[in-house]
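Single-structure report; data block below.
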Amino acid sequence: MSMIAIVYFSATGNTHQMATAIAEGVQKAGQTAILLRITGEQIQEGRWSDADVMETLNAADAIVFGSPTYMGGVAAQFKAFIDAASEAWFAQQWKDKLAAGFTHSSSLSGDKQGTLIYLAVNAAQHAMIWVNAGDMPSHYLGKTDGVNRLGSFMGVMGQSPMASDDQEVTIDSGDRLTCVNFGERLANATAQWTPTSN
Amino acid sequence: MSMIAIVYFSATGNTHQMATAIAEGVQKAGQTAILLRITGEQIQEGRWSDADVMETLNAADAIVFGSPTYMGGVAAQFKAFIDAASEAWFAQQWKDKLAAGFTHSSSLSGDKQGTLIYLAVNAAQHAMIWVNAGDMPSHYLGKTDGVNRLGSFMGVMGQSPMASDDQEVTIDSGDRLTCVNFGERLANATAQWTPTSN
Amino acid sequence: MSMIAIVYFSATGNTHQMATAIAEGVQKAGQTAILLRITGEQIQEGRWSDADVMETLNAADAIVFGSPTYMGGVAAQFKAFIDAASEAWFAQQWKDKLAAGFTHSSSLSGDKQGTLIYLAVNAAQHAMIWVNAGDMPSHYLGKTDGVNRLGSFMGVMGQSPMASDDQEVTIDSGDRLTCVNFGERLANATAQWTPTSN
Amino acid sequence: MSMIAIVYFSATGNTHQMATAIAEGVQKAGQTAILLRITGEQIQEGRWSDADVMETLNAADAIVFGSPTYMGGVAAQFKAFIDAASEAWFAQQWKDKLAAGFTHSSSLSGDKQGTLIYLAVNAAQHAMIWVNAGDMPSHYLGKTDGVNRLGSFMGVMGQSPMASDDQEVTIDSGDRLTCVNFGERLANATAQWTPTSN
């Protein structure tokens, strides 16, 4: 059985709900998903550190990276994790693992494509294999389930209006379904991929 | 009076309507707008050529670049124009002119950000000054006029469902208003900018 | 045995030499490489068409996309091919095939990263699996063979000074070796990947 | 007299030297430059805060953003500053100020273009006016001064080999000259731009 690690940051909870839905899809397809949530508390003087998270990532068959889109890019807290993972990069420990990405923001477009591209650029530095999203926008197919309603291809996008800090957030049902599908796609891709010890 | 050239490609007419609305905004602000539509007929064996268009662009105070987003980037026909303009690039003839961009696609997000970034990258090669979009998404401000409803910042985005070939297209009223506002912003920016002979 | 199609445009010959070196690597690893060179002659009124090329691509296990970086992006001729391939996109015929990219320009950096990102964005629209480059810059490892001397990760970059039109071009020996290695990596990745009927 | 704020992060000192050289160029052209260096100490639990820095930025006529390229993007510490500046964004306090960017890494290409694009995307969210680099690669012009030797257009790139932690760093003389020129260009652009009270 493959293990897919989903490492992400979430402030208000939307990105967390996306992570949970992706994990659900992974499990539906018979693989194991582990959720790893990055927090501000793990950051000291701008530097992130958490040995357990790194160990789990090193052991994973695939890593899914997720962050809200803040000011046109990944959240600083998530970037702190990415920078700390340069240790794994220098040793190319994640080479040939599968990778994928997801993001959330409050606008329909909202520079989310740039965040997904950045996540793919980071995975490229790690010499990983990037699994793109697999669902066509459902409205192209005459469906109304909201799957890929935003038209995203490099990874999965979610969008919800800004919530006040004490409000419960709930992601869009179409976005949720897109995440579940993507989890299944990733689980299947992991099963189809036989990494060698290059 | 400043002259703002709007050079664009449009197949089904959506991008053309955006160009027209930007021109309307330019004129509203008391400047001159010239529409230059790139066509497939100007392309011979993959190479675009039109001396009149190039002469108008060389004389312009600002150039607005527009293209639908096809397969995640500018239309090939528009890229043929851009490649031909490498002549102006090599002589840095457009240096210090103002530049801006707009794009249209049928999905809400739909990789349009990548197209706007590309248009900015091309303008950077020409050493132009890039005027970003100026309107916050109106829903952030509690308004319902649809201005910047998609959440775009590097330029203006429009979105309409795919139309069959013989259908009249009409762009979204919020997108139209965003274009008119952007035309005014560009006209004002041109008035605020005093280029020197670098 | 897997078949890897290398589809590319080349004007002066540098990108062609990169394609040839990638094919050499593919063959070294025991798989088949087919070179498909896009030409301006295949473009009529801005639109590209070649049924044989499309048939070969539909049959390939992996597709490598290559273009010089012109004005910060893929050559217009190559974009004409990409736009025509929207037919395969709409039917998602290339879904789950492996994909990769390479580019060439005359500057050391020269906006080549943007071209590789664009090639990955296009592959994402096709729901392909993107194989990133696998070699660390060799100078990090204290080597002098020039492998990945430019520091590229999303695909392979080549760089040579501008040549006059009638000059024979020869790509850098380090870039050539990077291409051969990348061909081997792609061949191995194809052998490791068992696509299902999505 | 205009005031140009240069806000940047630098770990080993290369990006700091670039900032200093840009400031030198600004002063050469008769304007004032203020260096604002972001530090890890300003970050508590992942969040950056410094009221004095924000006040200076709010008062500036132009803001130059600089960061090393780490793992394909701006350093996490710099992103923490950018995210905290969302306060200025929400009020659009920097609207119509001039903006520009620079970055440094140890590889010739090394995903630096992505960092410059990201800095431009962030400036776009602030509705700023982006000043692109102005120097053609000097080798195109038959010169050997190293100006824009890497071929960068959206901003200025510097490159130096990785230094050990206790080594003095010195940036490349061509990169230094490119920075000085860029400082002059920015100072001149500020003088040419008359912002209105939008």
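Note that the chains are named A, B, C and D in the order they appear, and that numbering of residues resets to 1 at the start of each chain.
The working rule: a residue touches a chain if its C-beta (ideal position, glycine included) is under 8 Å from a C-beta of that chain, and two chains touch if they have at least 3 such contacts.
Here the structure is a predicted model, which means the values were calculated and not measured.
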Contact-richer chain pair (by C-beta pairs counted) among A-D and C-D: A-D
Per Cα centroids, the chain farthest from chain A: B
Centre distance in Å when chain A and chain D are each reduced to the mean of their C-alpha atoms: 30
Chain centre separation (chain C, chain D; CA means) in Å: 33
Junction residues of chain A, two or more chains touched: 72, 111, 114, 117, 121, 124-125, 153
Footprint of chain D on chain B - complex, ascending: 92, 95-96, 117, 120-121, 123-134, 136, 153-154, 188-189, 192-196, 198
Residues of chain B that touch chain A when the two form their complex: 72, 105-114, 117, 137, 139-140, 149-153, 157, 161-162
In the complex, chain A residues that touch chain D: 39-43, 45-48, 70-77, 79-80, 82-83, 85-86, 89, 111, 114, 117-118, 121-122, 124-125
